[in-house]
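To start, the structure itself, in structure tokens.
As written, the chains take the letters A, B, C, D, E and F, and residue 1 is the first residue of each chain.
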Amino acid sequence: MSTVAPIKDSQSDPRVKAVFDDIRATRKTDFVNNLWQALAFDPTLLETTWAEVKRLMATPSTLDPLTKELIYIAVSVANGCGYCVHSHTAAARAKGMSGAQHAELMAIIGLAAKTNHLATALQVELDPVFDAGRQ
Amino acid sequence: MSTVAPIKDSQSDPRVKAVFDDIRATRKTDFVNNLWQALAFDPTLLETTWAEVKRLMATPSTLDPLTKELIYIAVSVANGCGYCVHSHTAAARAKGMSGAQHAELMAIIGLAAKTNHLATALQVELDPVFDAGRQ
Amino acid sequence: MSTVAPIKDSQSDPRVKAVFDDIRATRKTDFVNNLWQALAFDPTLLETTWAEVKRLMATPSTLDPLTKELIYIAVSVANGCGYCVHSHTAAARAKGMSGAQHAELMAIIGLAAKTNHLATALQVELDPVFDAGRQ
Amino acid sequence: MSTVAPIKDSQSDPRVKAVFDDIRATRKTDFVNNLWQALAFDPTLLETTWAEVKRLMATPSTLDPLTKELIYIAVSVANGCGYCVHSHTAAARAKGMSGAQHAELMAIIGLAAKTNHLATALQVELDPVFDAGRQ
Amino acid sequence: MSTVAPIKDSQSDPRVKAVFDDIRATRKTDFVNNLWQALAFDPTLLETTWAEVKRLMATPSTLDPLTKELIYIAVSVANGCGYCVHSHTAAARAKGMSGAQHAELMAIIGLAAKTNHLATALQVELDPVFDAGRQ
Amino acid sequence: MSTVAPIKDSQSDPRVKAVFDDIRATRKTDFVNNLWQALAFDPTLLETTWAEVKRLMATPSTLDPLTKELIYIAVSVANGCGYCVHSHTAAARAKGMSGAQHAELMAIIGLAAKTNHLATALQVELDPVFDAGRQ
């Protein structure tokens, strides 16, 4: 099920076709996963979202590609997005995540969630030393 | 403000003292931040929480120390824990996070939050290829 | 799957029947969606929930019916309720939401999620000018 | 800071006065906490919110008063509402919550948060036996 | 679907076998639900998670077993974990939760969610009287 | 407190100066609120975030300016971003939100949060009629 109807033909709209072609070229695969199929109901939404994903996730930068996927998974888990957890776990594996690293990611996410809830439940006051604005 | 009264003297309870001493020795600093001061209202809660943090965050493992902090920050932001965001950003900086890496972390967290909400808003169906249980 | 057993016969309990009849009359349709079928396991919960939905969503007020649905979708997405996203997107469409408006709703939800996470990640301090209590 | 201006005089609007009087009588105290002061900017919002809180939290029912507060705290922590965590922790203490019970509440909330994140991160499939709709 | 492949044989790894045997003995049933099957991809993660669940949920303490399940459900709902809501609702029922108690739990969770959002939307300031640190 | 140090002089970096000037010109005010001051620690993050906010929130489109602010507030409340709730409530008021509309927004956000939690707590199954992909 979905809240938007699937596009009928990704070849007929030149803007959709251009994005799908770029996804395929960037990822070196013919597969275009369902998130992009769904976003294609609005070419502007598709173009701007893909441009941001490509710029941040598929361009060399100060964080290595696997680290970026681990961060993405962490946010997606905490936000409860099942689709995103599935797709980025697959991406992390494709970028070399080992089983041991996956298990460690799970353990850290679980620990962070626990201490997040404890700090909120205890309403712990900020230590002034954590303020980056101090001189 | 806080939902538990601060402990009066961390030296008087030997279990609290032992954890605080271990925090200081592990982190090579005299500083014990407020989360641990708050958890000290119950020595068992303090001991078990610290043991888990020490095992996962302060022990060499398959993920490097900075990557672990970045994951911790990502979860904490998505869970809206201001205290945790402050303390782990300080920790990441102490472990070498550069300004450029911090900016990139921000950008990826922001992008993940956006696509998390888009995938949920569109109720995108799972691609079978993402199932790790397939043979 | 569900955590409550479906009611066997909505006609046999007069309180359930009265609410279902009112849902049908208010919405001018025979269809009673699964949320109400599930809530029917407890007539009081069913009655109070429907009374609040009817008062706020099906009564003329200072916000127009479509705007109210857009707000409802926005909350439901951020809270990760797939059922609610599906049902209120269908309701918004029934109340005239165009494809362009749907795309714009998606873009704003995505942007808000991004800046929410950025403001939390940076722990931005409040500007005093935003305080409604100032004189 | 707040997003609504405080009411000037809770005595001047008879609907606000009636709710504040009922809060004082129900709770047997002169104190009316800030949530109600803020809701008073709209008498209807104040009346309907208080009526629901009174019906569910201040009326004898199948769950005892302390258990109801513990549930309220649990939801408030997971939703990240600092105000609510503060006010309901105070209420739980007033209803007899011991320090040991408070510590146990913290530990269970922390554990639930951890396993919530693990189940979401692993995208664990539902066991059919959990379906209440099975015959 | 799932993000980890199911283990092939829970008998072949002695650490997995030991945990599964303890789950069966503790719960007096042959059934081991899918969360534990999934966690078994990493024996350490399985052992530590089960040890914490057993210590907090299956050991007599200051809160009774049903109250602990109600708290667990409340957190799981607010965190949007469908799997956890299903499994802990089943557990609560097995520990004696009546239909009336279930309905009341639903009503309180719904009310807490509403007032959580209201307090956040109004950015209600903390009442100093709620500070547990005051003397 | 904040997790980034405030920039020393918004005039010295031409990219920061250009964004701040555009914010002032677009909003017809000299005031640049703290979110932009914080984002200025990284000019690229500042530029891309402002470009998206300007395109979606400050450009005529299919949704009117006030409706867009109401949606923004709704997401921000559900995501628990206090800063965002404050700034967008002020923006909504500047765009004409009346007290009655504000109260109605509060009531709908509260109701949505309640039914979101109820639907999740009951794990209500999707009605096939809500699927936009049906033919």
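Simple rule for what comes next: contacts are C-beta pairs under 8 Å (C-beta built on N, C-alpha and C of every residue); 3 or more make two chains touch, one makes a residue touch a chain.
This structure is a prediction, so every number in the text was calculated from the model and none was measured.
Chains touching both chain C and chain F: A, B, D, E.
Shared contact partners of chain D and chain E, listed by label: A, B, C, F. Just one of A-E, C-F or D-E has an interface built like that of C-E, with over half of its contact pairs in common by residue number: A-E.
The most distant chain from chain D, with centres taken as the mean of CA atoms, is A. For chain F, the chain whose average C-alpha position is most distant is E.
Comparing chain pairs D-F and B-E by the number of C-beta pairs in contact, the larger count belongs to B-E. Note: centroid distance chain B to chain D, computed from Cα atoms, is 27 Å. With centres set at the average Cα position, the gap from chain C to chain D is 21 Å. Averaged C-alpha coordinates put the centre of chain A at 34 Å from the centre of chain D. Taken residue by residue, chain B touches two or more other chains at 1-4, 45, 48-49, 52, 75, 77-82, 85-86, 89-90, 100, 105-107, 109-118, 120-123, 126, 130-132, whereas all remaining positions touch fewer. In the complex of the two chains, the chain D residues touching chain E come out as 1-4, 31, 33-35, 38-39, 49, 52-53, 56-57, 61-63, 67-68, 70-72, 74-84, 86-87, 89-90, 93, 98, 100-101, 104-105, 107-109, 111-127, 129-132.
Interface residues of chain B, counted against chain D in their complex, comprise 1, 3-4, 41-42, 44-45, 48-49, 75, 79-81.
Chain C contributes residues 80, 85-86, 89-90, 99-100, 102-103, 106-107, 110, 117 to its touches with chain A in the complex.
Listing the residues of chain A that touch chain F in their complex gives 1-6, 48, 52, 126, 128, 130-133. Residue ranges of chain A in contact with chain D, taken from their complex: 73, 77-78, 80, 82, 85-86, 105-106, 109-118, 120-123.
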